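Okay, so chain A shows up in both of these, paired with chain B first and chain C after.
Let's look at the complex of A and B:
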């Protein structure tokens, strides 16, 4: 595997960021985590990842951010060729708020997680989203299988083989 | 509507009438046309074609017209010298009115078809009759003009009344909305203070649990390197993600054998003091265990920070909402401003806030109400600045008043709407927004008015709007 698939977490509150990173650390054996405190930094980090030949598999984004807010960031990333395939999850303290609905509709949001979240909920969502990303975008799925939904991946691999021949 | 004096116009008419009466005596065929008018008789009915035209010699005929609501409206009373059935006679159409004899007398009854004939046959009659008809027409015209003027005046009165009614209704609607809003705020205040109270329990439990954990840890491992690591984690400083990335590169060089990215990340968070401690004790314990001691401390640190924030928010919420609303108290209004800022900290997160709360005397005020005013102004400012810019709040006293100024770096208020912004229902925001009722500033103005103060707004020359609120200094509560 010559390229890595990154998880990007965008969150401005250090304590919340700590908690998100901690909950997702098991994924890091396969999917390195990158962090950003605001939208600008997130864009820089994404460029950095892409420039080094890697990919962004999942963007986990806080709702209220300094400067450009999370919803606007996700909408922009959805319009961008380089990040349109990345899975996008909004982490919001304002579930049901108009903005969240806007994000779901406009940013083609894959999921949103309401604060406060539970570890299981967060891990399930991240695993599900990364599994879908890998199935849609990667030829060699085996390399990612250990932290993902193994059943779904093996089924996808079987189908993949069948269409190959 | 009696038009008696209008009908018995000029002496002319009487002269003409006298002349006609003399002619009647002289001419037998005219005499045949004279009929008696008996009081109470109906001469003709509205809507019927008219067979005769009548010249009243003596007595009165009252014309009435059936109104759309089926009532009979008395239009005019015709006296001697007047023609009845004149219009119908001229137009040939069915009569527009009914004619009832209201005073007995005599009339000259003429068939319209033969009228021309009479005039030609009796040239002496022609001129006086024509003069009489003309006078009648002039009279009718005058009366019509008077009616039109009256109608015009009436409809003017009516539309004025309608406008007054509209205004009264609008005022009622405003008052109603304000009352509803105030009621909502009161309910909200109760809810908030109840909520704050409830949240306090779990928040205190959280804080206590964190402190207890620290104590337990210290008993377990006091003076041990692992406790020192825990302590360092507990007192760790936040690291932003840029610094974090730089330090991760440094860690990868310092510990090239560590491949676990999560371990690299955790080490990158540590200050050099902690890293040195790890290096000194690496042989005694597993790297992972060493890191975990620090992590445990850091997590309890995070619990402390978070629960402290909850506690502070709750405190300011309680103080902000003031359950004892509607009571004036002798207080320092700056406390209310500070509570408001804390409660609005979410909105003010990315706003450069400049506070210049100079010493001001205490005064009798309803702090809860005033907080609503600060909230409205600040939230409007945040909206205007799209949550980015600078907000300046200052207090000062000028002897008899406390003056609070709140200015923002937004686009300011367009001059054309400036005079209107304290009016109820004036809003620049579309529906749906939280504070888009258009009542915020109207209520603020009401509250300040009740406090005997003044609220005003100007656009600053350097840009942005500045609200100033002055509140009289009193100690009579």
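Let's look at the complex of A and C:
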């Protein structure tokens, strides 16, 4: 594979960040994880990833961050051609009603995880989102089958008219 | 930043290989034979090292032949004593070779079956009689996979069957070897099942195309009678091998496949067209209408009714048709320029008995297609076999059809590595098994396949062909 698909986690609290990274370690063999503490750093990291020819498959974003908040960050990323396809998930306990509506309408939010989360819930959401991302964006889905929803990927391959050679 | 990649080197090797014969004078090889050798070399190198997709190489082969070997090309405008050039239409005509049309029909049929979930629903129905005992479930999975892959692509069948077996695997104890057995049973059965009919898998098309260039037409039914019994025995033995190597620990498997047949008018029509076409194909010897002609029926009916729409037509796997056409095309000039015969006469065949020759061709085909595309392996070997038979160097009684079948069938019996076939790649990607499991089981199946091909070629096929 010539490019990697990254998971980006944006979270300002160290303990929460560590917990998220730890819960997702099974994905890391296939989907490298990058972290950022605020929106600015997140944008820098994204630039870095894209500049090296890689892609951002999934962004897990806290809402309350120093500086620009998570929902605003996601809305901006939604406007950007390079990140419009990235799956966007809010992981927060503090996004109010209005912010959440904004995130759904303007950032095309893919999922909302309320803190505190359970490990299983988080893994299921991440697996589901990355599976959808891979099915929609990757030509060779086989490389991702092992850590993702293999059944769903098989079904997508069935519909994609795979051939012998 | 790497400036020179592996692919660049591969292209360079191919181009150098292409140029060399232009500066050589090989005794016993015609001038056109040198050009054909150039094309053969660049094609073989590109197909083996894959700096470009294999179908792209095939299309390039057709272009090179038109430019350099056809009557309308640059080098051989006149008929000479040693080479009467083919018209360029012979080369581009391979794109509409009857076997290509047959495959087109198969693709259209398979696609509409998938679109209306006929493949899944058939699987559900066909698996029912096999109960819930692990060994019979595995048998059932293999029979259904084999049957479907005889009419659909092996790869699409495998992808579909994965949606059936992954939930089973998930419910099975992580240490139960049954998981590995099931995960291997699908790709293996798909590879083997593809042998059963002319449209099962592209290597069959290469064989049939090469034979039709020699004026020998193999009917759909005839192919099934020749290949079917071999498929059944190899499938059954593979089943036993997998049970023996990966002995199930659990004694029941929960099977609850849900689904219902779609009953809307379009779906009903697809069922009807599918059943009619398959029925007409397998009864070709009764009514005598060629399978390629019948293949036009599903294409036409499904297009007229809009089930095969514009998007559907665009999404057909045209690259497979190009791949096969390029292969057939290469065979044409390897024959007509005398290249294939030259390669053949460089080997002292008289020291080999017919049995040994069958074993050699089968073994070479199996080994090659473990590493290369099955179609490419068949493409590279078939012209040699054709020359061997037509030039008479192999002696009396060396049947052209027989040795072509040996190659075609053997090319599908390679399943030792993840790269051997796309179904194998899918199975390994699930993470249920390791390459070592596949290699061991694939080795046993390959050896048994080699034995069976040899026995069939010696005893059964001559019975049918004569």
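Simple rule for what comes next: the second predicted complex is superposed on the first by the 159 of 165 C-alpha atoms of A that agree within 3 Å, B and C clash if a C-alpha of one lies under 4 Å from a C-alpha of the other, contacts with A are read in each partner's own complex, and residues count from 1 in each chain.
Everything below uses one rule, namely that contacts are C-beta pairs under 8 Å (C-beta built on N, C-alpha and C of every residue); 3 or more make two chains touch, one makes a residue touch a chain.
This is a predicted model, so every value here is computed, not measured.
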item: In the superposition, chain B vs chain C on chain A residues touched; value: B
item: Which superposed partner A:37 touches (first chain B, second chain C, both, neither); value: first
item: First, second, both or neither for A:98, with chain B first and chain C second; value: first
item: Touching partner for A:154 - first (chain B), second (chain C), both, neither; value: second
item: Partner chain in contact with A:67 - chain B first, chain C second, else both or neither; value: first
item: Chain B versus chain C as contact partner of A:137, first or second or both or neither; value: neither
item: Chain B versus chain C as contact partner of A:146, first or second or both or neither; value: second
item: Doubly contacted residues of chain A, that is, touched by chain B and again by chain C; value: none
item: Touching residues on chain A, where the partner in the complex is chain C; value: 142-143, 145-147, 150-151, 154-155, 157-159, 161-165
item: In the complex with chain B, residue positions of chain A that touch it; value: 14-15, 17-19, 21-22, 25, 28-29, 32-37, 41, 45, 64, 66-67, 98
item: Footprint of chain A on chain B - complex, ascending; value: 238-242, 244-245, 260-262, 265, 295, 298-299, 302, 305-306, 346, 349-350, 388, 432
item: Residue ranges of chain C in contact with chain A within the complex; value: 54-55, 111, 114, 119, 153-156, 159-160, 162-163, 166-167, 194, 201-202, 315-317, 319-320, 323, 373-376, 421-422, 425-426, 429-431
